[in-house]
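Each of the next two complexes has chain A plus one more chain, namely chain B in the first and chain C in the second.
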Partner chain A sequence: MAVLIREHTTVHRGQGPTITRQRRRAFLILALPAVILYTIFFVGPTLASFWVSLHAWDGVTEMRWRGLDNFTLLFEDEVFLAAFRNTLAILLAGGLLVFMLSFALLLGMRAMAGRRFARSVVFFPNIIAPIVLSVLWGFLFSTDGLVNAALGGVGLDAPNWLGDHLFLVIFLGLIWTNTGFYVTILMAATDRIPRYFYEAAELDGAGPLQQFRHITMPLSWDVVSTAAVIWTISSLKVFDFIYAFGGTSNDLPPIHTWNTAVFIYGQTFGGRVPAYSFGYASASAVITLVSVIVFVLLLRRVMRRDPIQF
Partner chain B sequence: MMRRSVSHRLPRAMVILAAVAVTASACGIEGTKNSKVGAPEPGETITYWSMWEENEPQATVIKEAITAFTKETAIQVKVEWQGRKVLQKLTPALRSGDVPDLVDQDGNSVRGAMVANGQHHDLSAVMSAQVPGEGKTVAEVGPGRYRDLITDSAGKPFLVPYEALGYGIFYNGAKHPELAAASPATWDDFIAMLDGRKAKVALDGDIGSYAALWTVHALGAELGAGKVRELAADKTGGAWSGPQVRPALERIEKLAKGGYFAPGSFGSKFPAMQEKWAAGQADFLLMGSWAPSETQKSAPQDFQYRALPFPGMSAVQAAVIGFAVPKRAAHPAAAERFIASFMKKERMQGLATVALNITTRPDIPAPEQLADIARQLTNKPVTPFYEGLDTLGTYPIEVFEPVHTEFLSGKITAAEFVTRLGEKQAEFWKKNS
Partner chain C sequence: MVAVNLAVLAWMLITSVREHREIFATPFDWPGFAWGNYAEAWQSADFGVAAANSLILVATAAVAVVIVAAPAGYALGRSVERAAASLTLYFALGIGVPVQVIVIPLFVLMERLSLVNNLFGLFLLYVAVSLPFTVFLLTGYFASLPGELEEAAAIDGASRLRTFWTIMLPLARSGLITAFTLNAIGLWNEAFLALVFVQSTDKQTLPLALLGFLAKQQYSGADYGVLFAGVAILVLPMLLLYVWLGRRIIEGMTLGAGK
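Entry: the complex of A and B
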């Protein structure tokens, strides 16, 4: 097996104080516009939503102080708890499935002819607008749709997908659209692994799974962990896909399909006559934000490895 | 998302709110004394945020009315075609004070976005103003008929409606020609008619509010105007167990379990079922007056849109679309004058002939495909769409519709519906108290 060289962190010392100072100044000047914009458009509103979450507010009249009441209510609110469970289902079960499928496709496509074309095909669902997918899947999964016709054709019971299992259909749709994206990212990471590692492994008698475990995974680990963080953040923000599947331009999707992002919309601007409950919605946004932070920190900690240079 | 859009103004919020509190109260006092009310200056410009998109036929009609109004009065109207989410866009503006002079949307939406927070302008003066050249007031030419749908808690109108939307059980008159002369008067007649024809009812049951139309209508027919909302507003949820509710729920239970809904009604995606109905695969569709315009592409050439009144219902569920003026509008008098001028028959006529809608003026004939609905709106008392449940915040989507769809699709009985709805409702009001 080829020897892998571990990267050592190099601390550059001994540079003159003037250069250091100039670099620092240049850094500040270059970073300042981004910091200002980021503060105005992200940090400020985030802090503001913490403040709003402690109030009852219709967005127009004066806020009324509620302390932590919004949070207490949220933890007793069946609709929010169901939305939170759905969010976790997408994050954890969805993430597991997306990455398992991505790795499986990676293994299958690594040595196949026409892999670039196959990669484009797998990536394709990711570029289709959710509204188009929802229309298409509406036809596929309706009681007299193609899926049930196929199931009936082989003598299986045809379930009422859209009536009884809508969240499952949405869940599968999310897996289907996202897998191609992660396959593409992971494939880009594995493409840069030199072929001679695999050739040496083959000579040593390693099978595809062993090659995957001992070469592909360690050498693409930094990309895998970054992809995991991207999934964590994006899965908590899923909105348009659920909305397109279950709702119309006027009507919100049924509550059993809501995640926290749809819940926030439902408490503010969603529906035929919106609720405009900004304090309550902000509290749920705060809980979602804190969840993202906790999950990302945990994930970074669990997936921390020394990077490998090759 | 929401978190960002509502709160990025917050650093200024305290100052603005304090300023708003002072100026709003000052405006409130001035509003009645304002010498400009009723006497706008020529050359003024009013800003109008419209619920229509610029390419919609309603926009064409409104544009022509604006041109004529400006020619008459020298008041300019600057239109922003905001589309259906106009009131969602208005909400942050209401706080900042940079509001348009005129908006339009349906009555319940305006009630939620502007009336609930006291940001509406009292339009009593417009309702009693003369429609130019007609010798009648705005209320008298038609809008006054919808007074119950457009007044605030003090009984003052917050909206001047120009379009009316009514509900009915649509069918193809070419397929069922004899129904026009003999529509079922009672629920039993209606079920007998369905049985006799082996007819199917189409429903896009994935839209909770469409499914709810059946039960809310049945309850409205049984209990009378305003009572369904009282049931929903009961904090304990126990009101649903009352004996007066039972007959209507039993009727719906029989409808649900009797196989009257066309296959796919609870297992497809909107608008699949209304398309199937238009294509002749089902016979009836309980829907609002937009049904013909939404389905005509799927309907055969000889399709005749007719609509039965909901059996046993002495009133008709209706919604209205009209103009409202924000409380802090800079040019309320000019906006009011525009509204009065728009109510002229010649200005509104295009809404029927070009946009194919029912206007609030009974002297403007409705498009042929909506004639049955228009007749109901003219001859019967009107009651709010959805019996006003949609003005109870998230109650319909969080409480009523999930339980109700289970009921209408035959998964739970009427007794289970009452129990589950009562429990959910009590939880909801505890949360929203």
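Entry: the complex of A and C
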């Protein structure tokens, strides 16, 4: 009897670790292909760009150590500074406008019939290639395009948009193409707010703006803050939309419209005579990445509120 | 306040009209003269070859991403392993890294593997850059599935791999389709990596063909008919997909933010 029990317990003791080991093995088999691929083709290159940014390199000959020289040079480079300013303008001013517009649209669409359809229409640019949007947008603002025709109709001067105000056109275009995404996110968030809050507020005499400020904003705050993070990340990724304003596959758009993404491309593979300044461009890549991190952390901090349960 | 609302409404209407114009401008061209434009775009502007390249590349890459990401999503979304949480974060961080940050090391890496100007190389890159978002999406999806079936399978003695394959994978079908669709859309529209890694005309994708056509136009004068035929070749498949799977697409793309 004693022997039997002992045998029994040993079987049990042996089984525990086997199951854990099996689970762990299954976990590895399932997760490993993705981890390996992601590490080699994504994480590796991310870390490598830090290393490359400390060198002078054309990708072919030997790397030469430069320390932080690339970075000091970048901050004296008018082209880079303009690109960085543009990136920040898109991120900050563009972001502000996108969110203001999104909320405005949200208010406007609240009582509307067919808002599902309206939502699909507003969201539509998100599934279209940015270069197509860029072509269409440029078309609207061309010398004899719709915008000028409309301005002419009201008797105003028709400016040379694409020649004199190209960055403004790009900036407005980015707001146009992106707003739909945020309207959709915010709509999902505000739809979760129970109607009776608004009814109660109305009884107390609160107008739409007060309702917005005291009900909609606080109750959708966590979604707004996540959306702000998404905007930060995606605004730094913008490339195609600006690039296509150069008009061709081997020319770059005018320098004053560059953002840091176009700058990186322009310093390496882009243009008729590619520069292949890998080290220099990597330094600006590092600055881009650091900006992402700084802005996301900052946003997280600024926008942190205690979540409201409802 | 009424005025504000009206202004907002008006703005929205203008936007929607704008978009309608886009949606419908190209189809309205058909009856008149546009069939010739399509033929022209297809042949002389190389959209035909590019469409075939895009189709094969996007279809295989989007399938491959899901094949690689689904097991990982399952492992990360439904494991008690301590590694799962940190690996989930490891993948999520990749979503914040812009492609232009990694393109230089990637180029050197691909050159050493002699995979530059090579559609298989581009396929590999497309799979890799789509991984962070797809794993993130599917991890969330698998985590949201009910656990009872999985427990029942475990009690019946099914191994974890078997449970994944025969029970959880079919259960997650809807999430997998969403992941496939979103990646197909993103990759179909992708221009940056294609621009860097493809050099010859016979290997270019549709966005490149469009950019190339814009270049040609600068010398030979603008032919908006053909240009918009080219644009339509790029847009119409996405439009069809949107009409067909619109809600799924919208919900999938906005998933990260809305809780």
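Just so we're on the same page, the second predicted complex is superposed on the first by the 266 of 310 C-alpha atoms of A that agree within 3 Å, B and C clash if a C-alpha of one lies under 4 Å from a C-alpha of the other, contacts with A are read in each partner's own complex, and residues count from 1 in each chain.
Just so we're on the same page, contacts are C-beta pairs under 8 Å (C-beta built on N, C-alpha and C of every residue); 3 or more make two chains touch, one makes a residue touch a chain.
From a predicted model like this one, the values you see are computed outputs, not experimental measurements.
After superposition onto chain A, the partners chain B and chain C occupy overlapping space and clash. Using the contact criterion defined above for the overlaid structures, shared-chain residue A:N160 touches chain B, although it does not reach chain C.
Once chain A of one complex is fitted onto chain A of the other, the partner contacts of A:E76 are limited to chain B, with no touch recorded for chain C. In the superposition on chain A, contact of A:E62 is made with chain B only, not with chain C. By the touch criterion defined above, A:I230 lies against chain C but remains apart from chain B after alignment on the C-alpha atoms of chain A. By the touch criterion defined above, A:F41 lies against chain B and chain C together after alignment on the C-alpha atoms of chain A.
In the superposition on chain A, contact is made by A:V52 with both chain B and chain C. The larger set of touched chain A residues comes from C, when the choice is between chain B and chain C. In the superposition on chain A, A:R23 makes contact with chain C only, not with chain B. Of the two partner chains placed by superposition, chain B and chain C are both touched by A:D251.
Touch criterion met: A:F269 reaches chain B and chain C at once.
Aligning on the C-alpha atoms of chain A brings chain C into conflict with chain B at a single listed stretch, 95-103, out of 5-13, 23-31, 95-103 or 167-175.
Chain A uses residues 40-42, 44-46, 48-49, 52, 59, 135, 139, 237, 239, 248-251, 261, 264-265, 268-269, 278, 281-282, 285, 289 to touch chain B in one structure and chain C in the other. Touching chain A in their complex are the following residues of chain B: 1-4, 6-8, 10-11, 13, 17, 21, 84-85, 87-88, 91-92, 94-95, 108-109, 111-113, 116-119, 205-209, 263-264, 266-270, 272, 390-391, 393-394, 396-398, 401-402, 405, 409, 427, 431.
Interface residues of chain C, counted against chain A in their complex, comprise 1, 4-5, 8-9, 11-12, 15-16, 18-20, 22-23, 68-69, 71-72, 74-76, 79-81, 83-84, 87, 90-91, 94-109, 111, 124-125, 127-129, 131-132, 135, 159-161, 164, 185, 188-189, 191-192, 195-196, 206-208, 210-212, 214-215, 217-218, 224, 227, 231, 234-235, 238, 241-242, 246, 249-250, 253-254, 256-259.
The residues of chain A lying in touch with chain B in their complex are 40-42, 44-46, 48-49, 51-52, 58-63, 73, 76-79, 134-135, 138-139, 142-145, 160-164, 166, 237, 239, 245-246, 248-252, 254-256, 261, 264-269, 271-278, 281-282, 285, 289. Only residues 22-24, 26-27, 29-31, 33-35, 37-38, 40-46, 48-49, 52, 59, 101, 104-105, 107-109, 112, 118-132, 135-136, 139-140, 176, 179, 181, 184-185, 188-189, 207-209, 223, 226-227, 230, 233, 236-237, 239-240, 243-244, 247-251, 260-261, 264-265, 268-269, 278, 281-282, 285-286, 288-289, 292-293, 296 of chain A touch chain C when the two sit together in their complex.
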